[in-house]
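The data blocks that follow each hold one structure.
Okay, so chain A shows up in both of these, paired with chain B first and chain C after.
Up next is the complex of A and B:
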């Protein structure tokens, strides 16, 4: 089992590394960081621009391979991801933003996985009943919405709710109220209030996909002989479903989770932007708009590491659920 | 030959067919159609999609306003008899704008979805048929694209595509929408490759490309049709997300995404600017995915992952 997980981990690690390096090369070929200096008035001299670009390590006159190598050497020897176009360290920018994104991602993914699995199992057990039909059509509808539409619709609903109640129960602009006075508890409550809508938005998108998948996996298991065997040897229906049904149906789910995690990441970035959070999603989009190669590569590295972690976690779950892997 | 001699040729075969016409073996496509006909989801999706397409074509005719018209006497008005979906801040008719945006989004979706399936079919069939180093390289490339969220790559590539026309966006969307289906096609091809008719073709000296296009692709065509249908919705979603953030369709072109982005700021105070285009978008994508899902069940009612 350990061998299996290590093998999978190495596979993911190599993939993440190649993804980051190719992101660097791709960004270097497409983005043109010099343009923002030439647009200035008075126009800086070529030497100045070259010196600035050399300082950042993004001068297009240097071959891409050379720049990639110095970026790698910088990362390995000094643990640095280079500087952003505003001359701040990419790593410190990311450290300031990562917490914001991780809070949304972890909460949203966990809620999505739990709710999705429960709804999927429920729908499979009560196939074609009213509750199953409602869950199915609801998840189809959610899957038909881009995540920014879900975010904005939730905002409209929350405004309606706030108006009805007459108080600002749910806040949805930014990640916290700037300049809020009060103790630690007031701060936590404020952040929690801001977290509600983005988390619901992300969890809805994830849960809709997971519930469809879990439902079909569960339907497959329900028709298997070993469920009947478990029932006939005296297990109750519930116990047979949970011990023998859900457990087996979760095995394909863990693979699906690893594959769908990139979609979750993209969804989270979009939701961050809609709710004007200053997280990694905004960082990535801004990096492209400002032609900031180092910042873009840093953001992709962040995502690649998250995919690596999610993939390894789902392999651990896979190995824990499937006894064939353990021998 | 002996078996043939034992079989009486004419009557005994004809008779049961005549006696029990219901038992007549039906062709595969007829079976799929029969299954489809009994699925309410298929009808809901098909009628929905048909209505949207008809509306996109003919919807502007009964409307008094064109999408470029500005009604300066009714700026920012709510839905009324003159402006069915209301107007924007500068007096644009939202109904007309929605139809023009819908046209562009539909065209992009209807072209990019099938194009992505075609790419998936060709690449997946090549990987599965050739095997070995080719297969390994292609699978690695697919995994790499699955690790990098394709939205981020779209955004990165958008500076190039912004300078080209909106048609380039179709190819961009297709270029990043084929990965998962290619893996499925590859797995199917690997089992097809060992079948006798493919072996026979190979030993007769038929070229790789001919085998793939004549024997493999027709055998996985049902999968590709399903994927193309589901891909329409996926492409529309990707296009609207990109255009919403200003990376996709550029002014003066209008799509549902740019329309939603324009209505975003007023979504809370004047919801009609946002809700009507959003509802049309959800309606379109939902219909396409219902049809795709029903097709998937009809073609392969026993497949575990896809079963409903």
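Up next is the complex of A and C:
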């Protein structure tokens, strides 16, 4: 089993490397970092611009393959991802931002998975009843809505709630209130207040997707003979559904978890922008906007590593849930 | 609730209706029966007769949409209208149930031991987990699972079908219930495993003292075990009585017809089967009157007007009022004015003049056929870790106009053998000769031409017919392949439809418009359309209801005589093979262990495996069945990947255990070859000492 997991992990690692290198090549071909300097007034000389670009390793006059090689050598020998266009190290920039993003991502994913599973099971057990219909329509609506619309709608709701209560219960600009005085608890409460809306926005999209899959997995299980066996032993319907039904219906979800994580990542980038969080999503967005090849590649590497971890996790969870695949 | 509260279970006037958009379907229509303490009741019926629905109603496990009326009394108290929580306390503790399909009845993610402990812990919260686990191991030992301590830790997918069904029985008897309902407990299993399971069920009944309700479609299964029998048809009980009454003095024409349509190992092969024409009515919109009237040869006008109630028989000797039937003319049948044997006419054989002229010659011969599959491991660097010897040196021969029956348990290589033959390609080893021509050296064109001569009929008539084609296109398809012009195709399709007893006007209909028996006739028509010499029949009747089977078997016999066909008939139902086959080959683990003329193999088998196989087949005759001795084989079919030196049947052989040390050494060291022994050929060193097994 360990061997199997290791093999899968190596597979994912190779895929991540391919994704990152392709991202580098793609960015080098499309993004034009020189444009930024030529737009300045006074216009810098070609030599100056070339010198800057060479320093960053993003000069379009150098062949892509050569630049890719030096980027790789740089990464392997010095553990560096190069510098951003603002002459800061990509790695240090990412280190500062990763925590912000991860907090949002982990919370959002966990809540999405839990809520999605519960809603899916609930919908399947009460198939075609009013509650099932409401869950179905609501999740389709959310799935059809772009993340930024959800973010903005939530902001409007939160503003309304704050007005009704007369206090600033939910804040939604930035990660924390700058210059807030108070003890450690006050800081925590402030951060939690800022975390609520982006987490809900992210979790909503995830939960909508999870609930659809969980519902259909659960429907397959509901009519299974072993549910009937469990009831014939003396379990009530509800208890048989939870102990024998949900447990089996969770198995296919672990695969879906790996695939949906990439979608959640993309959603998170937009949510960060909407809520003015300085996380990896914003980093990626700015890198594209500013034609910053090194920063862009760094952001893609970060995402690829997350997908790698999610994929390996889902393999482990699958094996933990299903004794039939353990070898 | 005034009278007779001492029945363990009493079902009174039970009806179960499933509301559906197309109209309500009443699956059970007024069923009355009772089970006393420690009694063994058999409920017999074909699919759709309501036998399973009525037992699920007793367990309270029907879907909530089902509308149930009547009353179900268990130990004097009513079960209807009780809450799920109240019924849960009774389920597993007072009444338990064993379901049909052991493949899906156990939760795949929990160990077998945990699932047995669960049943114990649910009803005894004071029990510790360790005590429950120990008791689970004990229960597994009772139902005959070897190494129960280790096997309790195994997951259901690591168990074979027979072992899972044993585990199901262990769950059912865990809390010493007063009533065990077994719903087709052996239907998906091989005969040898079926015999094991029935024995375990009987043992479980003896240990717990529980009453048993055994639901089955196989009259043979209840004949030896049950005390009383209830026969169900179209949602009602149409006849009930003691086993001897129902089997020896059946009074409802349906029971009579069912008993006469079953091929019976004791009598098969000598007379033609008596088919029960027509099919059971659909329960959606029943016509008034007796639901059996359209199929009944003695129906009178009154039968079509009113449905007769289940009434006690006017026994002239007045010996027993337990025998009841639901038939207007039952007194005439019981009184002897209507002879039971003459109710259903026995169809005549094909007239001498219509039979095909045959020159006896071997049309298909297989010599030393081998098919091994490599067992691979590894994803990138595949390496062979073993060999599955699916077919390991099989020799067969079929003469024109004859039927060879190929029998054996599932996994013995029957299907691989026929697939190798049908492929008409050079086998891994051995020779396949069709019409005296070796197929190995054939060109693709010759091979295609040869395919006209050898056709196949598959097991499942629904799955083997394309649902989107009208049957005339399905039947004509082989002709299209061989480039026959459209006009000739149409004429030929009409001809074969007529041959298989279907109206040629039905050609434009789609498969779903036909019943199971009719669909199998379409499958046979498709095989006949190229005028083949040989037809391979892969379990052609095992998916059909008992009452339909006989008609298809008779049709196959008629076609053989009329057209001079040769059949390679593969089946696991030995009674059916006995009925139709001229010669028989018994397969075990990729080898033929015994072959010879059907009479010799069935009446005086020389190989211990054949003997065990035949003794495991239940005979639908209670007096015969009680007198029979079963040879129970231990365990399951071993995996065909293992290589055992010497005889590969040794581990399960009933004869091996009785031999002395020298004789056992011979079995261990030398692989027995097929050799002639008294009328048949058997692959056994000690075929001459076979009589030891029964003494």
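Note that in this section the second predicted complex is superposed on the first by the 324 of 327 C-alpha atoms of A that agree within 3 Å, B and C clash if a C-alpha of one lies under 4 Å from a C-alpha of the other, contacts with A are read in each partner's own complex, and residues count from 1 in each chain.
As a working rule, a residue touches a chain if its C-beta (ideal position, glycine included) is under 8 Å from a C-beta of that chain, and two chains touch if they have at least 3 such contacts.
Every value quoted in this text rests on a predicted model; they were computed, and no experiment measured them.
When the two structures are aligned on the shared chain, A:37 is found in touch with neither chain B nor chain C. In the superposition on chain A, A:235 makes contact with chain C only, while chain B stays out of contact range.
Using the contact criterion defined above for the overlaid structures, shared-chain residue A:324 touches chain C, although it does not reach chain B. Of the two partners, chain B and chain C, it is B that touches more residues of chain A.
Once the two complexes are overlaid on the shared chain, A:270 sits against chain B while remaining clear of chain C.
When the two structures are aligned on the shared chain, A:22 is found in touch with chain B, with no touch to chain C. Contact with neither chain B nor chain C is seen for A:176 once the two complexes are overlaid on the shared chain.
Contacts of A:247 after superposition: chain C is touched, whereas chain B is not reached.
Common to the chain B and chain C interfaces on chain A is no residue. Against chain A, the residues of chain C that register as touching in their complex are 59, 61, 84-85, 88-93, 96-97, 99, 101, 104-111, 118-119, 122-123, 155, 157, 168, 171, 174, 379. Those residues of chain A that touch chain B in the shared complex are 15-16, 18-19, 22-23, 26-27, 30-31, 136, 140-141, 143-149, 152-153, 155-156, 159, 213, 215-217, 219-220, 252, 259, 262-263, 265-266, 269-270, 273, 284-285, 288, 296, 299-300, 303-304, 307. Residue ranges on chain A touching chain C, taken from their complex, read 7, 224-226, 228-237, 244, 247-248, 251, 321-324.
By the touch rule above, chain B contacts chain A in their complex via residues 140, 143-144, 146-153, 155-160, 180, 233, 237, 240-241, 244-245, 260, 264, 267-268, 271, 274-275, 278, 281-282, 285-286, 289-290, 293, 304-308.
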